[in-house]
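Both complexes below contain chain A, partnered by chain B and then by chain C.
Showing the complex of A and B:
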């Protein structure tokens, strides 16, 4: 069972604030998601490698430079910017 | 009073000198205007997909092979989650439980082996500039490939830590996978430190000093932190396990509070990247590509050429130096002469480590080789070799352009004797000083002879002849 404390901890790590009303809802959702994964695991215990169901490996790229994007494009969606930099709130 | 022993392990981050970033085709070039080496992948836009640079895997395997690691045949990438503006995705793609390389070691000059736990690949973060108005973010460095080399806590002194790091630097430069410039940030390390009473086995509580970017800072930070922990232990207080940073201005380490909760990284497999499989073929291919490593090279120089250890180490400091030395000593009777020319005369023309690393000197190895061969063939003497080399270093000319046929073959014995007699006659004071027991007085007469023969005579021979003539 996922507890309120665990949800609050995860929210804290993700820098999200969770109101008391949301907490119940989120805990319920998370329990359902985990429960769903448990159901799948129980249904097919021998197929353990769900991490890599397609069985693919070694999809590599050659080390050849392609021109980067124009800086305007890169910064286009930035909420705040200055002098070619993204500008974010200071946090330490 | 109890004596304490240092227990230290290093986590070293090294930027790989690939052309492109680890998961996109942006350039890895250092510098550049902010956010000009970026694309949707490396600024973490939703919907983009990473694609692994093959050379990153190859370089990391080479690093593993050069440090005696086992190469994992199956490996994968994982997400390391933390929220900080230097990571646009809020996670770093790294490797958690299946690193590419593990169980290696690096040997120090005192014979101790520092074991390596693992080497894994990951992406570098962006650069933050904190200013009053806020934090300025440049993602040019974001996504540049790194290897992280994690050592076991086998280091027992500051000197060992420095040497270990120097060895890593040397090896990685030699195999050509990184320039390992600490001042540019392409090599940096975190130092884990704990102290224990001398003679005990159990580890004490450790602290981690983050992001050391120079050898000098690392030594100072370690010194401070060791003393801080000893003071705590001696006064019966506990060392708190925490992350600390080195404060250059005050030369101390200080706690980085508030980062504690960030240690819960919630690693999980990176679902956007497939498994990495490394075949024996690939490993063998890369093994063949690996150059002779500096430690082995130095040993060979000592054993085969009779070089003193200090000289052998100087000549294997950078790859270009050893390549030059090997080219210049091809076929010469005594490679020691070449070594002396390089260390004595050529090195003094190079200022700083950067110059040594690039080893851009006016004299080609072929021309130095030709010069030393003239000595081998008895055509010139050591002093003429030295003065000619200086001229070659000034002009870049070949020895054949600087030494005439006349100069070769040394000095006719009759002419040499005459020159000696003349010098003795011209320096009566020096002669009587010498006969009176002042051995140094001979130098003045010797100098006169060398001048008269324009440096072509062999100094040792002249000295012998002078003594003979004076004592007659």
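Showing the complex of A and C:
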């Protein structure tokens, strides 16, 4: 059973806030979903660690400087920006 | 079912219709009829008309047309389009305008594909009914009291409703094949790595793959040939292996071994089973040999998929913090509260559930029991398919255990909804190609779909088998919806 406290802890790790009204329903949903995930407990996999599907290895390239996206273009999607930077609220 | 792409291209090339006339016909039909099915969340008439004019100039100058040139089409709203808002149908990305194109859109633009608009989807592709979209779900053009399916419900609704000739969707656990099945269309999920995912907004990176939804197998083959190109911007890219798939569609399938794994038929509805059995008979009449076997590891597919996909989603969706793009909460005391409130207000219920499940299975104390074990089972399933393809060339299975759900069916119980993905998730786990195509109707007249599954990079084999079935049965399994553009 997943408790309210565990849900709040996971939500905190995932940077989600859960209101007291949402907590009961979410805990119930998560218990059902985790109960469903628990069905893999019956399996005894023989295979060793799965690596990847197509036998891919890292695709390396030379580290060459090439023109990238325009800074102003990138900043256009940010709600707060100043002098070429993303703006966030002061932390200290 | 004839190729609509080829037919329209011939009509344009011979001067029967100009690309601008064709494009305007589609745009007008969208204006009039999209409200019935909510397929499009954004139309792009300026882009479409500008492209159409370019195509007409090319025709006037006597240049031959490329395979997809001038054909009106659509893209799912998780495929990045430079200068055109791309939201994944999530509040958290409202207003986000990409500054670069997805590679697939770059490839299609080079062919002067006419983009009519962006289509509806489950939020971040998480859902099986399109109903988790922040714009409300897309409806089934065959019966608007039913869902179009998901997550690429908008593409299927638009193509099935004759409001686009074809569209590109994405398939993480069945999101191309299931809506194609519900709307009576062909949907191809290519091999992992065959089509570049660059610019596809990520849900679960080791599963996601882009592919076409079309009205015929030949159309799916034409689109697949155009988009299966190696891309250095996607580190998992391989591109197409072998010759263009269009070249082998007409090959005989005499002597081909078609495999049936019994587990795919557990719990499927009787009418769906009957339609598949009829298809098996068609294949026998075409000279194919049917091979039956067991694949016991299939029974763990669903929990393995949900554990791994949600784990990847919890990591991929960590980037949405309200700072660089998208929605940002209005009131907050500090940065932590800003991020938490932005995410909680910006994501819908299903997305939050999946992020929480993913975070849970990756957290200390649970990682070995869930994530690691699911990865091991993934390895077993990959091996089970490798063994299966020692016994057969193609596998045949239902696409979905039922036909299109009524509206709000999926809202009742998360787990019950997840169970409907039982037939589609195994190929995503193993990274294999599969095509869904229509194979009949239920008593209410709703389309039934079947899928052909192939070995890695064997798109040509499954599309050949699909095309041969389609040719053998004629138009009996296909019924165009009574709406949209029917030229």
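Here is the rule we use: the second predicted complex is superposed on the first by the 61 of 92 C-alpha atoms of A that agree within 3 Å, B and C clash if a C-alpha of one lies under 4 Å from a C-alpha of the other, contacts with A are read in each partner's own complex, and residues count from 1 in each chain.
Convention: contacts are C-beta pairs under 8 Å (C-beta built on N, C-alpha and C of every residue); 3 or more make two chains touch, one makes a residue touch a chain.
Worth saying up front: this structure is predicted, and the values here are computed from it rather than measured.
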item: Partner contacting more residues of chain A (chain B vs chain C); value: C
item: Chain B versus chain C as contact partner of A:63, first or second or both or neither; value: first
item: Which superposed partner A:11 touches (first chain B, second chain C, both, neither); value: second
item: Which of chain B and chain C A:71 touches, first, second, both or neither; value: first
item: Touching partner for A:88 - first (chain B), second (chain C), both, neither; value: both
item: Partner chain in contact with A:1 - chain B first, chain C second, else both or neither; value: neither
item: Touching both chain B and chain C, residues of chain A; value: 10, 13-15, 52, 54, 56, 58-59, 61, 69, 74, 80, 86, 88-89, 91
item: Chain C to chain A touching residues, read off their complex; value: 95-97, 99-100, 191-193, 206, 232, 235-236, 238, 297, 300, 302-304, 306-307, 314, 318, 321-326, 328, 332, 334-341, 343-344, 347, 352-353, 355-361, 363, 369-370, 372-380, 382-383, 413-415, 418, 430-431, 456
item: Chain B residues touching chain A - in the complex, by the definition given at the top; value: 18-20, 25-27, 33-40, 43, 51-57, 76, 81-83, 85, 90, 129-130, 133-139, 258, 261-262, 264, 266, 269, 271, 273-277
item: Complex contacts: residues of chain A adjacent to chain B; value: 9-10, 12-15, 51-52, 54, 56-66, 68-69, 71, 74-75, 80, 82-92
item: Footprint of chain C on chain A - complex, ascending; value: 2, 6-7, 10-11, 13-18, 26, 29-30, 32-41, 43, 45-50, 52-54, 56, 58-59, 61, 69-70, 73-74, 76-80, 86, 88-89, 91
